[in-house]
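Both complexes below contain subunit A, partnered by subunit B and then by subunit C.
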Partner chain A sequence: MTFQGSLRFALRMALGAGAVVLVAVVALIDRSQRLDLLHPELVTGWVLLAAVVFLALLNVRKKLSMVPVGRASDWVAAHVVLGVVVIVIYAFHARAIWPSGYELALALLFYAVILSGLIGYLLQRMAPASLANLGYEVIWERIPAELADMRERIEASILECARETGSEVLPRLYREELAWYFRRPRFVLASLVGTGASSSWVHHRLDSVSIYLRGKEIEHATFLRECARRKVHIDRAYAIQGLLKCWLLVHVPATYGFLVLVLWHLILVHVYLV
Partner chain B sequence: MSSIPRPQRWDRPFDENMSDDDVARLLAFPAFADIDAARFPDQIPLEGIVHNDSRLLHFAPGEVVVREGDYGNSAFLVLEGTVSVVLAPGLPASMLGRSSSRKRGFASAFSQLWRNRNDVPEVRVYERRSQAAASSQAAGVTMVDIAAVKQGNSTVQLGSGRIFGEIAALARGPRTATVIADSNSVLLEIRWQGLRELRRFDAGWRERIDRTYRANALKVHLGEDPLFAGLPPEALEKVAAATLFETYGSLDWNVQFKRKSGSESRDVPPIVAEGDYPDGLLMIRGGFARVTRHIGNGERSLTYLSAGSSFGLDELYRMWRGEPGISLRASIAPLGYVDVLRVPYFILVEHVFPNLTQPPQDNLHEAYERPLTDDSLMEWAIDERFINGTRTMMIDLDRCVRCDDCVRACASTHGGNPRFVRHGKQHDHWMVTNACMHCIDPVCMIGCPTGAIHRDQATGMVVINDESCIGCQTCANSCPYDNIRMVEIRNPLGDIIADSATGRPILKASKCDFCYEQPGGPACVRACPHDALSRNSFAELAKLAELR
Partner chain C sequence: MTRLDSPSERFRFDRSTYERPNKTWRCGRAAAWGKPCPLGPKGDGSCGGTTACNPHFDEEHQRWECRRPNSVGGPCAEGPKPDGTCAHCQPPCVPRRTLRAIRGRLALLCLLAVLAAIGGTLTYGAGSGDDLNSLSAGPLSASHARFVGEDCASCHTGHQEGLGTWVASIFHDNDMAENCLTCHAFAGEQRTAHNFELAALPAGLPEHLSTKTDCTSCHVEHMGLDGDLTRVSDAQCSTCHTVEMESFADHVAFDPNFPSRRRTTVLFDHASHLGKHFPQAGAAAPESCLDCHIVDRAEASVPTLGFDATCASCHAGDIDDRAMTVFSVPEFSAEQFTALDHEYLGELCPSRGSPQFYQSLIAARAAVADGEEFGDFESIAFGEAIDPVTQWLIGSESDEIYDLAADDPVVDDLLWLYLDIAESGVTPLADLMDERGGGVVPGRNLIAGLSDATLRQAVCAWTSNVDVAEDPPVGGGWFVDGLALRYLPTGHADPVMRAWLDLGVAAPAIAFEEDAGIEQAVVMRDTLIDARQGPGACIECHGVSLASDVALAEDEEVDESMAVAVDWSRMDQPWSPYVGYSHGPHISLLGQGTACTFCHRLDEAAVLGEAFQTFDAMHPASSFLPIGKAQCVDCHGGGDDHQAVVVAQGQGCLLCHDYHLDSAFRHQMAEMPEKTE
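What follows is the complex of A and B.
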């Protein structure tokens, strides 16, 4: 391992150790204050708030890529570790799974953040390999352009087929069925689960008309099959990449919503309860 | 179907204005008058070389002819006047009109947060730049005070009939010195294609070029090799005198490579073949060579050689030890082009082997014993010529979540426009993206008319001086990997800046500069949240094995 690699390994280990120490300290304070009939929620609450603010800083780090404020991967590692710690501190602080009143909304947002974070973490671990195994890499933003380009070539091929053979089979098939398929990513859920629905749908239709094809038409149908194979990959890439982006649409807004309610919670606690 | 005549070598001469009278005058010049024109083939006549591969240049006193560190593609023959070669340590970069490589401070880097216009990329404050350019022209970016230069530096004066710049041109290396015109001078610039033919067909030119190389560079080169490092000067002299220069492949490999859609052909005649009798040590001086061994019905790449590597030492040593039936165990073939020094066996017997305390390491056997599929990444990197890169951007697709944080980080450190595309060729789970690889052999520099694309002297990165880039696209067309893009520039209002004469947009070459001015190194690497993106050199084979 290189020196830099060793340093980063040591940093990750220190992160883990720091998390354990933090949880132990919070647990000790919580226990001792409870025994003294004090309000440990105040301490755990402030620690929780500090941790959540630090977690939210990851988004700020992403905007500061031009300054050397540590590698994003180290920030993510800290984010994951602290995210787990936050669950434990929350348990000490809330002491209830379903609180009542506005605190239920606070708890629900917290669960949404945690759950979406966990799902996001798992997705980020598993999805990249599925994408890599497709063997066809496409940039998410380029998918509409890729499909438009594919449609253009298919339509040119269909027109050429009609001109060359005078047959209506492939033009009709395209107009009646395939145009819908190639217009945009289809079978998103099925592609995500990997049922093969996209592939069987298009190949079933091509197989159905294959008995009406002769000579040059078969060449054009072969080209269509090739495009269909690519379209299946695009559908799957769209589904997986979409999912990789979608979880953040829950995680980030839920975090900000949670922080707003936390602010409200702070005001209420310090004005009425303390 | 329409048809056009097959493109020919001299369809576009180096100088469109070179007249027949100019050519006649040049052929009467001693450097050409002594050449036996009959030795040149009919399709490449001497007159044709002078007419099409050279151009006449006029320099005023103090004007910089070539700059140290620039990569050259031509040599110069002094016709009239004199020029001065500035010897080491040479002139400071600030005098040579290059961008400085000073790193930004933290505050300056941070200020990019609000200075970058993400809605309008590639903004240039052109009025201010024009004034700056005008004032720098007056101050003399390419003009130096020749008297001051001579006072502060050692110089060598070259007069009429002297040639310079031929080594950098033929080896595609950097210029080793800055040359400045002393007086009003007329120089003939001969592009490397023509120079190569002159060297090939005329013994006088060949001898002149080889003699210069022997006098200046060969002994230094040999002395840097551990095999010859300890030799006394007189022995080194003998080694240098007996060493042969050989060049294989094509210097314009990038053109052929691009034509074949970026894949290295394996049908290249070998320099030496497996089973051949070893007659000398082959030392790679420049370029690359593939080491292969026959397997089944193909050739398996065991490794590749680059500048500083050598081939055949183990076999020669075993032959010297008296082992019978020694032959080469592998072939080597040029990858694009390769410059080779061949040190004859008898020289090694006389000066090297008796001093060796240990037999040379046999790495080939170990390479051959590796499982066949272990080499697939290397085979691919060789075929795609990614071995040329020193900072190749590789993305581990098994880790990459396609979040584009790397692209955004690049954009936010480069005026709102990313300098790479997160797309590229794939092998297994590795993607080599379309980002500048900062090549060992940066063919993009060849032909840049202003020297805007150059190696940063402090970091060695290949960078573009935006102010001197004229948007000619030569570098973008030369890059075999399509890693240079031409971008339209805009004023702060977001309007495209156009050429006042033609109304066409002004273009600038844009590519990854490895964040050489940013504190903390390349932003793309730092921004990757999953450590999926790394910048690697395929030359580090150990690292390659780790990656695999």
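What follows is the complex of A and C.
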């Protein structure tokens, strides 16, 4: 292991140990204050708020990539570890799974943030391996261009086939069925689960006409099969990468709503209780 | 033959575009799964790809140059038009937001939705009971909801004024306990642990005992109509009481005298009665505890049936013949007698004789005083002392009336009292009793049942040297016996006797407070509570105790300054105001009359009388042996026995202990709103 690698490993270990210590300290304070008939909710609440604010700072860190405040991967690691710690501190603080009144909305938003975060973390751990196993690399934003380029080449091949053979088998197949398939990513859910529906669908169509193909038509059909194979990869890449991006559509908005409600909660606590 | 690009071709610098997903807009053609233009949308969201490139004017060669990117074929053969516009035009697209921009808008939308929800629900419903109101902490408990209704400001001071106060209260401490105490009150100090009086606590106790307590530490509101504000967990008690207990079996041992913190209020020796007196009584003797105790009304104590049903069959006669002297003054000396306004007295007592008679009476008294014999006046009761009650009443330092000069204020007051009584009846005497008794017992109560005629007749007789000798009325009441006004009790709990005993035991403390007549007050008290005579019969059973009911220090003795009261109530004080016990459920479980002795074991050797020789009642004395923890553990210890486990389940400190001292409500909470038409 290189020095840099050792340093990062030590940092991760320190992060984990710090999280355990933080949880232990909060648990001790909570128990101590509860036994002293004080209000540990105040302490756990402020710790929770500080942790949530730190978690939210990851977004700021992303925007300020030019500022040397640690590696992004370290920030993400801290974000994940502290995210788990926050669940424990929240349990100490709220002591209720389904509180009543506006606190129910606060709890629901917290659960949405935490659940989406956990899902996102799991996706980030699992999805890269799935993408690597595809054997085909494509940037999510460039998929429309890839498909457009593929369609251009397929249509050029189909026209060439029609000119050379005068047969309508492949042009008709493409016009009536395959054009829909190559238009955009299809079978997204099936691709995500990995059922092979996309591959089955397109190869079934190609197989159904294969007995009518002769000479040059077979070469063009082979090209179509090659495009279909790549399209299957694109469909799966689109589904997996889309999922990697879409969980943030829940996580980030829920975080904003949660922070606003936390501020309101803070005000109410200090007006009515403390 | 057409073919697909290999990966190395696809990402070649002149074939691959640079994706910027952090931008706000993306090409509309790409969004529609078409081929995106290389220029992409403009920053304002409009299409930037209506031409294939943005031609560049070459200053050196003074001509326009095509700048079409290599990824889409490089510079075109046609080149830019003369006016510098691109020759390859295409219709504009409608750019779409990138996923990141959509995420930002969703975040903003969520933020605004939460703000709108907070604002929108602020005015929803009437207050704390509405879950949808964002100010609501949940509905109040039934008890508070009934009084407070929806008025949040009753408890939350920050809520009562305008927005400014509301915002300012964020930065101010909100002492909720003070708001609780506007309605709730407790005996003792309001905000100390267990309402302890700090001044009364011994020195050296833990510091936290003097710390202000906070009601919300234990009582949690806004838990709904069914919320139980008084529910407190054992863990909360453990904050201070750190004895480790798995079950009641681990409870600290009871005090060796439990449950006798002090002597009983009534001197009743169970052992001697059960062992000696009841067998002697024969048929009238009780057969079990139920013959005297009413178990149906058993709570902390088990009440008895009362004197008439339990004691009277043997002891009624001890009371009936105990007459007490309330007012008795020997005859006046001649000088004193001369000082009377006989003319006025003659008007008030017309039957008593002529003025000439009084002149001769005065002369006769003077002669008798000189030792001469003078007719009918030999029998005058010279030399008798003033009765202790009367002495206290008239404020005479001497019990010899003849020691006082005729112009002594005491004599003057006494003579005027006679005249006033002769004129008005009992009222002057009642007024005098009120004045001397300091209002402890109303004078009217002390002479309840005494008629004007009886007293007036007695006074007229005493001033006429007529000897009055009435028989005591049958069934008890007032009567005149010679020179004394006396009272015979009507039976047990006679109100006049009780009033005199209350006054008698309180008199020394009253005199001490007024710093006058202490000796007379003590003599009167001792006379009244003397078991050998008069109302002392009551004190044979009822104890006389210090009113404070607090144990004296070792070097402290009872003195006249200490208030004393008769223990009329048969209910003994609880062991501690913080310890509760209910006989009811135990009797129901164990069975009436069969299991009293399970806890109450007779102490054959107990001697109760000694404990009643002093006013300091804080000396345990009982006919029964102390009760130990072991007697409770069988059921409450949570042992192996099924019943013990069942009983032990769900019980905690509060099963036997109370936290507060006599909780009550303050009067102002009952103020009613003004009536409106």
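Just so it is clear, the second predicted complex is superposed on the first by the 274 of 274 C-alpha atoms of A that agree within 3 Å, B and C clash if a C-alpha of one lies under 4 Å from a C-alpha of the other, contacts with A are read in each partner's own complex, and residues count from 1 in each chain.
By our rule, contacts are C-beta pairs under 8 Å (C-beta built on N, C-alpha and C of every residue); 3 or more make two chains touch, one makes a residue touch a chain.
In this text, all values refer to a predicted model and were calculated from it rather than measured experimentally.
When both complexes are superposed on subunit A, subunit B and subunit C end up clashing with one another.
Shared-chain residue A:A129: touches subunit B; no touch with subunit C.
Contact with subunit C, but none with subunit B, is seen for A:G257 once the two complexes are overlaid on the shared chain. By the document's definition of touching, of the two partners only subunit C reaches A:R34; subunit B does not. By the touch criterion stated above, A:W98 is placed in contact with neither subunit B nor subunit C.
Look at A:W180: by the touch rule set out above, it reaches neither subunit B nor subunit C. Comparing subunit B with subunit C, more residues of subunit A are touched by C.
Within the superposed three-chain model, A:I139 lies in touch with subunit B and with subunit C [touch as defined at top]. Superposing the two complexes on chain A places one region of subunit C into the space of subunit B, and among 60-68, 78-86, 600-608 or 618-626 that region is 60-68. Residue overlap on subunit A between the subunit B contacts of one complex and the subunit C contacts of the other covers 137, 139-140, 245. Those residues of subunit A that touch subunit B in the complex are listed here as 62-68, 70-73, 75-76, 123-124, 127-129, 131-132, 135, 137, 139-140, 241, 244-245.
Subunit C meets subunit A in the complex at residues 1-5, 7, 10, 17, 19, 21, 26, 29-31, 33-36, 99, 102-103, 106-111, 113-115, 117-118, 121, 131, 133-138, 156, 158-159, 166, 169-171, 173-174, 176, 213-214, 216-218, 235-236, 238-239.
Those residues of subunit B that touch subunit A in the complex are listed here as 106, 109-110, 112-113, 397-403, 405, 408-409, 412-413, 422-423, 426, 429, 431, 518-521, 523, 525-532. Subunit A meets subunit C in the complex at residues 34-39, 100-102, 104-105, 109, 136-137, 139-142, 144-150, 152-154, 156-157, 160, 183-184, 219, 223, 226-227, 230, 245-246, 248-249, 252-257, 260-261, 264, 267-268, 270-274.
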